[in-house]
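Consider the two complexes below, in which chain A is the common component and chain B and chain C are the respective partners.
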Partner chain A sequence: MATVLKNKSSITLRGSAEIVCDYLNYGINSILYQRGLYPPETFRNEENYELVMLMSTDQKIKEFLEKTLAQVKDWLVERIVNKIALVITNVKTLEVLERWDFNVEYEGNDTSKEQKSEKPLNIIKKEIRDVLRQITSSVSFLPLLDCLCSFDIHIYTKDDVELPNEWAESEPANIKNAQCVKMKSFSTNIHKMETVVTYKNEDF
Partner chain B sequence: MNRHSNDTILKMINYMKPSVNKMVDDTIADEAEETALEDFSFINKTPLKRTASKLSLDGGSPTTPVKKIKEDIKKPDWDYIGSPREVRRLRADLLETRNTISNLESRINHMHGIRKEMQVLFDNECRSLKKQTEHDRKSILELENQLQTIRKREQELKLELVEFKNKSSVLKISYDQKIEALEKKLSDISSEQKAHHGQENSEIANLQRQILELQNALQIAKEDSEVHQKLTEKLENQLLEKNSAITELEMKNNEIQKLKLQMKEYDYIKENYLEFQEQAKTQSTKLAQFVQIEKENVQLRAENFRIKDEIKNKLLLEEEVHDLKKRLQKFKEQEAKFANVQMQLVQTEMYLNEWKAVARGILEETNVNDTALPHLLRSAVERLQQQELTLTDEKVNLQSQLNTALHDSKVAKEELSKIQKLLTKLNGTDEQKKNLIHRMQKKLLLVSRERDSYRLQLDSYEKDLTMCVNTSSLGSQAANQVQSLKERVENLEKIVTGYRDMVAKLEADLQNTEHDNSDLPPIRLEQITRLQNEVDKFKQENERLRERKDQLEIQLEEYLVGNDTLRGGRVYHLSSNPLSECLAQRDAHMQKLQEEVDRLKRKVKNMEEGMESSKLVDISMSTKEVQMLKEEISNHELQTQRLKDYFKSSMLEFRDAVYMLFGYKVDKSSKSLYKLTSIYAENAEDILCFQFNNSGHLNLLETEYSSRLENLIELHLRHQDSIPNFLSSLTLDLYSNRTMITEQL
Partner chain C sequence: MSQFKYMNDMNDLFNLDGPLSRGPLLRFQKKSQENVNISSNLSLNSSKQKSMSVSNLSTSKTPTKNGGSDVIRLGRKTPSKTPSKARSKSTTPTPNKGAKTPNADRFIPSRSATNFDLAHFKLGQNDNLLSPSSKELQKNICESLHGEDISKQKILSYQKKAPSAPEGFMNPMKVIYSQTKTPASAKSSSRYIPQAPDRILDAPDIIDDYYLNLVDWSSNNILAAALGAHVFLWNAGTGNIEELLALEGNDYVCSLSWIQEGNYLAVGTTTGTVELWDCATVKRLRTMPGHSARVGSLAWNSYVLSSGSRSGQLIHHDVRQREHVVSTISAHSQEICGLKWSTDKKYLASGGNDNVLNIWPAVSGGFHSQPQPLHTFTAHQAAVKALAWCPWQPHILASGGGTADRHIRFWNCNTGACVNSVDTKSQVCSLLWSTNYKELISGHGFANNELIIWKYPSMTKVTELMGHTARVLHLAMSPDGTTVLSAGADETLRLWKCFVMNPLKKKEVQVKSKTSALKQSIR
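Right, the complex of A and B next:
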């Protein structure tokens, strides 16, 4: 748990970004496990937020997430990111079946890099735990993914971002006959994270 | 260790006094031996210290022996310089002692080696001995165990022996009892036999006596029979004599009868002769009358012929008469017919003439031969018929034409009526139109009047205006009024132009309406209604479309849910994400599959091409193979059948052989159950059953028959435990029984 605690449990901007990225890492792994995108035997248990989280042991996924989240963290500090989306696509038809939106809002009036939050860490953790629980329980209402699927992570930024190497522009992922479910949100008083799942409704 | 000790020893020797030298030598030797021994015994302890301490004790310096010795040595050095010979001697001694020391050392070393070897040997031996002792101990234990078991067994055996002895004594007693019983039986039987013997002897004596009596009686009977034979001979002789007398008597009777027969014959002949005489007389008389009779006969014959001819003639005449009568009748009929025919002929001739005249008339040729007339007539008639045919054709055509004309006329009439209807309708509409025109004209009048009134109004306004202008030119106060009036005028002018526009519009409308109304007012009405309907329809459609729009809006909202919101920014992702990797993998996989499919298609094609040739070979091969296999199967079946037959025959033979050799017929009824019937069995139901038990021995099963053989079973099976003995003894028993029976019979 890489939270940065400085001077009587105050959280810096960078620390907040780290908290958010940790949440994203666990949340994405959890979704990958729950939605059955990869075989369950490639996941191992890891306890966090007082929950048993399942983390992928696939080297490729790990590398991909590491790279992506490092970039997200930088951009979060720079306040460029609007939204991070985990897009699940049918490989055969290239149809987008599910989109997990992690909407980012920047709180507080201070826009400098020295912004600090006094929100206690255990409350933030509790909030994150609630969201992760919701993600885990979302399997009960989401449609079964009975085809070969893969995922991608899209980062929605404000205009004028200098693209680092290995990054490319992507298309927005629209879903037909969609239904969306909002999860709980959590906030570090610097970043507010809202999780929304949008999925294709098969019964339509 | 040794070297250390030796060094110390050497040092000691070097600084020893010459007087004590020998002593020292001895002590050294002793010491060396001692040290060696000490080393030997305390090999693991620190010998250096010990030796050193011992030496120090010998040297008389308990704390620092070397230094003291050195101090000791330094003092005598000064004293002993004077005698070199002694020194030489001492040196020689020293050398000798050194030699001896080295010798001793080598010996000690050698001894050490030996000791070590010995120790190793001892150790080995010790180990082996220990092993042996352990082994022995084990064996002893084992042996003890064995001994115990053996003892136990011995005890058991003893107990068994005792039991057996008891049993045997019991058995002995029982057998003794049995033997006694059997002896008693034997004695009974022998006594019975003796009694039987006595009885039999008395019976035999009686029988012999009877035989003698019977022999006497037989002799008497023989004598009687001889007497009777003589008597019979006599009687036979008498009988013969009497018989001969009887035959003579019969012969005489026969002769008498023969003579009587001759007598009767003679009487008969005599009577015949008398009759003959009478007949000869009558014949002679008849002969005299014969010629006359013959004449009469001839006459009568002739007469007869005549009568016969007459009769024949009469019959012929009668037939002729009959025939003639028939002919007469026919002729009469024909005569009547003839008269009729003549009449007809006349008539026909008349007709003919008439016809001819007619024909001539028809042909309009009087000088025509009668013969050519019919032909001509026929041709004329044919011509006429053809004419008639053509005429009928024409008639038919004309009739059809007539029909069509009638139909046309009907149609025309209908059209006419329609047109008349239309005309009336049109007249009606015309009137309506006229009415409408009238109304419109009235309206027009009204409108024109209205227009006139408007014009009048306008004129009045204009007048007003001019009046105002005129009034305004007077006075300064009126300047404001003028201003206001001007504004008013402008306003009024605007209004007027508006009115004018309106009027013009109205006029145009009026004209339009007039024009339209004058043309086709009813159609216009229809149009209006139609338009109204259309308006309604459009309204409905409008509502429908609005609903549809609402629906679509709802749908659109739903679509919007699925749409991604960019919020005016951009979307970025890592170019090497799992999706793209997955897609690339998939593409590669697809390509591979495609290649494989192509390859397989080619293969299939090749196969198909190559199939037809190979197929034929395959099929022929397979059929050949099938035939071969079938033949093989049939061969095998034949073989098995033969084997079966052979086995059956050999089995039967074997069974027969067994039956004849051992006297028992063996039948295997079910699983390991054998039924035996003896060759000498008294009944067919006397069967012995044997069955294999689990340990592979045969058991005799209880049957009705076996229960009767308790003695044999007891003896041979229970005692001797031998089935062959049992069976053979049974055979012997049965055989003896049988032969006994046959002898008795």
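Right, the complex of A and C next:
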């Protein structure tokens, strides 16, 4: 978890990136479960943020998320990530059906590696809990994904980033007739995270 | 590009029955050559240089009819016949044939992978003909569409993708959206349960709000129902209907609860007050303020009335005293929609829109709860409204979750363990235990808007009662336990005689006379 110093309970830049990545991990797993992308029996309960979250047990999904989020964490520390997008596509037609945008904003005037935040961890966790709840309850308005779907994670970075091994540039995933719903946001006073779901509007 | 030229020459040599490839240029080909610049600007290829060379190549190196038509197709004039010819060309052995993508041609190997809209936009971007204001407009549109200037960002993704779901896997959410009836358990029950409601009452203007509790059936056999701002009393014995109260303005009634003895009704309103009504005389006894938001749930324990509001606050009111607030607890972070005392009054269960179910122990010697919960259950993935305590095992609680959860869960509140859980495939709006049988009944939302009777503890379906055309919001049971009333969002109240006792067994049931602790004390 976050690196918390005993004397003043401040959160470092790296700790803040870790909080954000933890949120992403739980959020993405929750979306995969709630949107029915994978069989529910491949998920197991895990308690965090005073919530029961469902986490995938599929080795390949876990590995993919681990690798991706580790890289995101490094980039969050370097302040080059603008947005993390979870893209859900139809496997057969390759049509993008839904996109979850996690927009990152960098807060505070201190732009050094030593930036610290005094925000109490339990308040941050409460904010995260509220967003995760909203993600869970979003199934009530999102359209049914009535086909075999896959997901991908796109990281929007500044253009001076060095491309690591096994990474490649990709196309933006745009959705036709998109409908947008903004969730609550949370902030560690270093990173501000805004969650938006964009989905295809069928009735149009 | 030179290999294309070579291959095209080779094709021309071998295609004896192909179109004419030598000789002077045809008139429209000359014309298209003049238009090369325009057509390259209009062509939707990803880069300007590439599209230039493509169109040059197609006109000069292969001056065939097909080549020419290709340019026209990329340009502005599109004769209706040419596209089909251009397609027939792809059957000739061109170097591109190896690509095998169905909608590819020689120059754009994969059309599906190319973002033509963006490419076209980017081509036009460098145009100096645009006025400063329209440049600004374009920049603003781009920023609002993509979040920021797209030329200054990269989109990266990890190349070892996660696998998609196994072939043949069907989205489990589909059951929620489908209208098919799930089969009830094959075991037929030994008793007859009528599939049609015994009676249907109209309930115009009943509020379709999951978070409210709008019907309650008293021990005196009087049913109270809140329809918008009005509260009506229906005497189930005589069939008389009486209007108890009507709120003014835009206020509406949010919750109703009869005291155990059955002649006083507590009414929670949008203004955050709780009113106490004497139904025999149709008089308001008192108004108890305290909440800052609407009061969606009420529960009685002797002379203490517990109320839960939208703010997540739980207040215990001693209705006998002038200073009625016994204690105020911040029970939930969001609206409290379910509130029930256990049958032995040892525990109070509260369910909220924060997906949390709290169990509060009663204070010893009192009728309100302690300020700290004994258990906090977070297993539900949606708001917890449906709560029901088992009549024969007073520490067993059944709770049902909303649309995102769809489970009925059973809790042993002595130990804090989840005893059982069932996926009902639909929003659980309300739950009731039968007092006559070891069964419980649940009211559901989309897709079937049905009532399901479950055998306990096996949780096999005994039967499903259909009829409501919108979700079944509330359930109430008659004092004799034979009849269940369901209030639907379709503005009907339906009475189901689903727990009628076997007449032989009926004789054993004794009617217990109830002693009232309140009768002497309330004036």
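The definition used in the following text is that the second predicted complex is superposed on the first by the 197 of 204 C-alpha atoms of A that agree within 3 Å, B and C clash if a C-alpha of one lies under 4 Å from a C-alpha of the other, contacts with A are read in each partner's own complex, and residues count from 1 in each chain.
Here is the rule we go by: contacts are C-beta pairs under 8 Å (C-beta built on N, C-alpha and C of every residue); 3 or more make two chains touch, one makes a residue touch a chain.
Just so it is clear, the model here is predicted, and its values are computed rather than measured.
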In the superposed model on chain A, is it clash or fit for chain B and chain C? clash
Go through the superposed model and pick first if A:Arg99 touches only chain B, second if only chain C, both, or neither. first
With both complexes overlaid on chain A, does A:Val196 touch chain B (first), chain C (second), both or neither? neither
For A:Asp146, is the partner it touches chain B (first), chain C (second), both, or none of the two (neither)? second
So, A:Gln34: does it touch chain B (first), chain C (second), both, or neither? second
Going by the contact rule stated at the top, is it chain B or chain C that touches a larger number of residues on chain A? C
Of the partners chain B and chain C, which touch A:Val161 in the superposed model: first, second, both, neither? both
Per the contact definition in the header, classify A:Asn82: touching chain B only (first), chain C only (second), both, or neither. both
Which of the two partners, first being chain B and second being chain C, lies in contact with A:Leu51: first, second, both, or neither? second
Pick one for A:Gln179: touches chain B only (first), chain C only (second), both, or neither. first
Tell me which partner A:Ile61 touches in the superposition: chain B (first), chain C (second), both or neither. both
After superposition on chain A, which segment of chain C among 117-125, 153-161 or 171-179 overlaps with chain B? 153-161
Both chain B and chain C touch chain A; at which residues? 60-61, 64, 67-68, 71, 82-83, 91, 94, 148, 150-159, 161, 163, 166-172
Would you tell me which residues of chain A are touching chain C in their complex? 34-40, 45, 47, 50-52, 58, 60-61, 63-65, 67-68, 71, 82-83, 91, 94, 103, 126, 130, 133, 136-137, 139-140, 144-159, 161, 163, 166-172
In the complex formed with chain B, which residues of chain A make contact? 60-61, 64, 67-68, 71, 82-83, 85, 87, 89, 91-92, 94, 99, 148, 150-159, 161, 163, 166-180, 198, 200
In the complex, go through chain C and note every residue touching chain A. 112-113, 115, 118, 146-148, 150-167, 169, 171-174, 177, 333, 354-355, 376, 378-379, 381-382, 402-404
Which residues, counting only chain B, touch chain A once they are in their complex? 558-559, 561-583, 586
